[in-house]
Amino acid sequence: MKPVVITNVPRADAAAIATLQRLGVSTTHEAMGRSGLMKPYMRPIYPGAAIAGSAVTVLAQPGDNWMIHVAIEQVKPGDILVVACTADNTDGMFGDLLATSLKARGGLGLVIDAGVRDVRTLTEMGFPVWSRAISAKGTVKATLGSVNVPVVCAGALVHPGDAIVADDDGIVVVPRREAAAVAEAGATREANEEEKRRRLAAGELGLDMYKMREGLAKAGLVYRDHDDT
Amino acid sequence: MKPVVITNVPRADAAAIATLQRLGVSTTHEAMGRSGLMKPYMRPIYPGAAIAGSAVTVLAQPGDNWMIHVAIEQVKPGDILVVACTADNTDGMFGDLLATSLKARGGLGLVIDAGVRDVRTLTEMGFPVWSRAISAKGTVKATLGSVNVPVVCAGALVHPGDAIVADDDGIVVVPRREAAAVAEAGATREANEEEKRRRLAAGELGLDMYKMREGLAKAGLVYRDHDDT
Amino acid sequence: MKPVVITNVPRADAAAIATLQRLGVSTTHEAMGRSGLMKPYMRPIYPGAAIAGSAVTVLAQPGDNWMIHVAIEQVKPGDILVVACTADNTDGMFGDLLATSLKARGGLGLVIDAGVRDVRTLTEMGFPVWSRAISAKGTVKATLGSVNVPVVCAGALVHPGDAIVADDDGIVVVPRREAAAVAEAGATREANEEEKRRRLAAGELGLDMYKMREGLAKAGLVYRDHDDT
Amino acid sequence: MKPVVITNVPRADAAAIATLQRLGVSTTHEAMGRSGLMKPYMRPIYPGAAIAGSAVTVLAQPGDNWMIHVAIEQVKPGDILVVACTADNTDGMFGDLLATSLKARGGLGLVIDAGVRDVRTLTEMGFPVWSRAISAKGTVKATLGSVNVPVVCAGALVHPGDAIVADDDGIVVVPRREAAAVAEAGATREANEEEKRRRLAAGELGLDMYKMREGLAKAGLVYRDHDDT
Amino acid sequence: MKPVVITNVPRADAAAIATLQRLGVSTTHEAMGRSGLMKPYMRPIYPGAAIAGSAVTVLAQPGDNWMIHVAIEQVKPGDILVVACTADNTDGMFGDLLATSLKARGGLGLVIDAGVRDVRTLTEMGFPVWSRAISAKGTVKATLGSVNVPVVCAGALVHPGDAIVADDDGIVVVPRREAAAVAEAGATREANEEEKRRRLAAGELGLDMYKMREGLAKAGLVYRDHDDT
Amino acid sequence: MKPVVITNVPRADAAAIATLQRLGVSTTHEAMGRSGLMKPYMRPIYPGAAIAGSAVTVLAQPGDNWMIHVAIEQVKPGDILVVACTADNTDGMFGDLLATSLKARGGLGLVIDAGVRDVRTLTEMGFPVWSRAISAKGTVKATLGSVNVPVVCAGALVHPGDAIVADDDGIVVVPRREAAAVAEAGATREANEEEKRRRLAAGELGLDMYKMREGLAKAGLVYRDHDDT
């Protein structure tokens, strides 16, 4: 693949993104038919952060953050930087200087399938990062990669402009053109959950509420009293 | 193994459980002769939680949480749900709706050798979970497992009704019939530690307090001054 | 290697250590030419701790903490205990009693390529630990190791008396004789960063500030508009 | 748990063991209702070995092989030694001298949730070992464990005298009293597979042979031609 | 994502595939500009296998091989089955019966980001499999997935009909439309390597053959004699 | 650390190396007092290789093999190349062309804490490699490292000129100046083992041969008959 930077990438719909942020990762992932999720080794550097935005993607060489500098120029307000590596790596490819620059461009946060450093400062800045590792390991600026090409990040396919939703549960990728439909499906799902939560809190069993007893019996589930075993 | 739900399982002694909760995981584990511990990859979703209760066990298919719904019906106040999988898995098999239901039944918390989701809501609910992973990955309800059979969870054998102690140090399993004896041994150990802590804080060396010097010399330990090396 | 305890090891320069603590791990690591870092699986038991001191080293058998008792006698105020194992191990080799003793001797904290326990108490004591794992697993006192010999801890070579810097980004080892030079180089680097941070916060791009555009073009980077792809 | 050696443990039925060896691990595991399997990180040191026998169990301290010497005295012809550790460990707890001794006692092989060494010699001896790791790391003889107590080895519960089946697919544990029934169920399953293999080899589809089409359609599976997508 | 089976997917060019098989994984990967590689945890079940073919893709639920049965109907001679899971899993989703069926349809081999079993029989059949694990763990047939949709398998994006090249070095994916161009670039690269191999075997240094000395000196590399250090 | 190549490094004694090769890794490691071993994740690319030689060390950037080309010029007949990375990495930094060059210089083999490729050709060449991974992932030549400086490789400290022993059990590092003493100690140990092997093969128990019964009893080991439990 030849190194390239793709400019003027279309973004996901802003209203859909706002809805997805409110819904959060788990509900969005369900609304997509349980797809689009990054692997669970990706963790936020501090609890409580919850963002949604359009992806600016980076494909980088392990241990080399040259292309992150290139990518920041492509960031517009509301974007999230998504960095994939050509091989598994935990080096600290991003720190407080890059965060300062990314924030100044209107970037909302970073998703990186590698390491991050200066996490104390990033936490104080309130700049959220989801990463594979925290590592002070310094990186070089020697080899080209690409910006705004499709990448596989933490097991998920990300196209530039896709909607990214990230919170304490992880990160989910919503294809740009599906963002509005997913937001709508998620909102419907959310509405249904409130009623379920109320009934469960009142002591109703999921077995009854979801009408599972017949299916379980049909599948062959049997009950035995402990004293009979 | 045929799918089965065992009902009316005897619980561990309530007074013993109360003592074990106060002692915590590390002291309980020592009082058991250093056995019964789950593997250290099991971590709490938020710091500071510390619970003890009787185990309701679940054996589930990876990525399938049908049996958790079945298990909740078997939960009584003071119980802890312990979920093992038939294969390593990190899917988010438990979230805020199940927690609402489990809490309504009097369940104290969850120990799951798989993933959990909605961790922000669970934290706000003060509902403690120890898990192998945090993951939004949705699960199916398609295959039977068992409830209240002996399971191996995170490397530890758990029988239904065993006492479970969980805190920031991990999770330890106390066989139901040994709970009272372990609680007593742990309480004795705890009493001894207070005196040791006072002496160590005053500057006394463990080498002297535990009378280790003779054993070390006998084993062949030698001291050399840095300047002589 | 015969078991041995080396006494009266020279310490790193106190003024240099004070500077290194202020600089933190990432800046110190860069000032050393990007070397000396421990592997990123080493994590602090609570966020926010940041210490620097001279290393008292321990080489221990997995699951055996006898030599930690021996090492504490060698600790002087301002020291950091650094424990390596002869094989990968996660057992809880250190807890609140050892921390009480180490603190009473003036020890600042612990770096251990194994497990630690009683983390709630250690957190309340404000006694920082960087470890590979948190585990209640108890250990034996049966086999000799060595104190104040060179060890490989979490992938980094540590000589007794080396300066150790530890914070949320990890742990870096500075050879004793290089501590002053590294502190000076780090302070220079830090001064430069402030100006960079200001410019980046004002919206200047790293591409321009670091004059990267020419190098990128020379390396062959091309830009293409999305509509042309 | 107090250190103990249990003597004169009853063995699994010899005829059942012979059948299980012929059936192999995968068929035995299916015949047990898909239970009893050790984790897949356990691998044979050379391909092609396939054994079945009665378990003599060992619970050992990590890095300490004292109890393996103790256990060998308890081995009778046709037994398999099963070694569990109290914590994850990869040290080379077993080598050619122990294998010589175990073989002289009639032991068929070793299953160890830790490391093994001298693998070249063991291969030349034709002495099969399934282990978590290959490691030359030497061990101590300092701390007691137990022999012929129930252990959790690589995630599976093993009672002394249980039937162990091990081949290139892994290791499965058959409870002693169920060995004959499992052998019979496995033999039936095996007979059915031959006919299936013949039909599949002739080009018949599993979809048809297992009559899956209706179930798939009912579950909602749809087919679309590539040109219509 | 709705479960779907896409039929009549176009295949990669047969002549290009034949060339790619001869070139092997490493040369093909280089010819693609170092992209398209699956993660190195994917290993062949026996050494020496080397195949190339068109991908029939499967997206399966962890621990559920229903869709593999569905996919086999879509296989044509020269195809390779590529199975991805919706979550990390090592269960033995494929064994000798499925291999018999797949082989009868003309399938060349299997690439599966999960486990495989019956590896002794598969080896005797000469049916090559690249997998994440070997495991006897049986699977269910309960939940739909998809066939011939784009999947991320072991970190690489695979479209149905892409060329798959697999050998002892791993697996590389060549987009269907690029197969001919990559084959040509690889063949050119291969021709150049023969001359290089001859010169290096004769003792010429890579430093000279690749004219690296100037670049190294310019980058700042210095040589020092050991006696001067 | 400034990039540097140290030339004319003294080698370990040739006679000692010859003895160490015959003794193999496990015996050498024991003769060193159980130290010097690399981590067990390092595995040979084919079974049966067993070499010993003097180390030429390389410290490389992850994913960059420039310094391996530099190092080959420093190799003399009987040397083993030992490659460490500044961060964990599995890229295929070494293949058949480099092996051809290294072999032409008299190099005996490679130990690399990263990946290797072209393993089929390397196997056919009989060129042994111990690595962390097999991966076709191509590398760049962009960033300097060092040659013949002390490195930590797979957890072991290696100085240039140290003796390296590698076989199916792993890799052990013998400090250059200790090679003769270790070889002598190992030869003595080897002589003792032959007699032990003979006695164990004749059925004598290790419990008796090593006179362990008294120590075990003193430590508190008890025997109980199964029928009494």
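All chains are identified by letter, namely A, B, C, D, E and F, in their written order; residue positions are counted from 1 within each chain.
Here, a residue touches a chain if its C-beta (ideal position, glycine included) is under 8 Å from a C-beta of that chain, and two chains touch if they have at least 3 such contacts.
As the structure is a prediction and not an experimental result, all values here were calculated from the model.
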item: Co-neighbours of chain E and chain B - touch as defined; value: A, D
item: Option in B-E, B-D or E-F whose residue-number contact pairs overlap D-F by over half; value: E-F
item: Chain A and chain C, separation of their C-alpha mean positions in angstrom; value: 30
item: Centre distance in Å when chain A and chain E are each reduced to the mean of their C-alpha atoms; value: 28
item: Centroid distance [mean C-alpha coordinates] between chain F and chain A, Å; value: 42
item: Shared-contact residues (touching 2 or more other chains) in chain C; value: 2, 34, 86, 88, 90, 135, 137, 143
item: Touch relationships between chains, expressed as pairs; value: A-B, A-C, A-E, A-F, B-C, B-D, B-E, C-D, C-F, D-E, D-F, E-F
item: In the complex with chain D, residue positions of chain E that touch it; value: 2-10, 46, 66, 69-70, 72-73, 90, 92, 95-98, 100-101, 103-105, 115, 117-120, 123, 133-138, 141, 143-144, 148, 160
item: Contacting residues of chain B [partner chain C, same complex]; value: 24-26, 29-30, 34, 37, 40, 43, 47-48, 50, 167-170, 172, 193, 196-197, 200-207, 210, 212, 216, 219-227, 229
item: Residue numbers on chain E that touch chain B, as the complex places them; value: 61-64, 86-91, 135, 137, 140, 142-143
item: Complex interface listing, chain F residues touching chain C; value: 1-2, 32-35, 39, 86, 88, 150, 152, 155-157
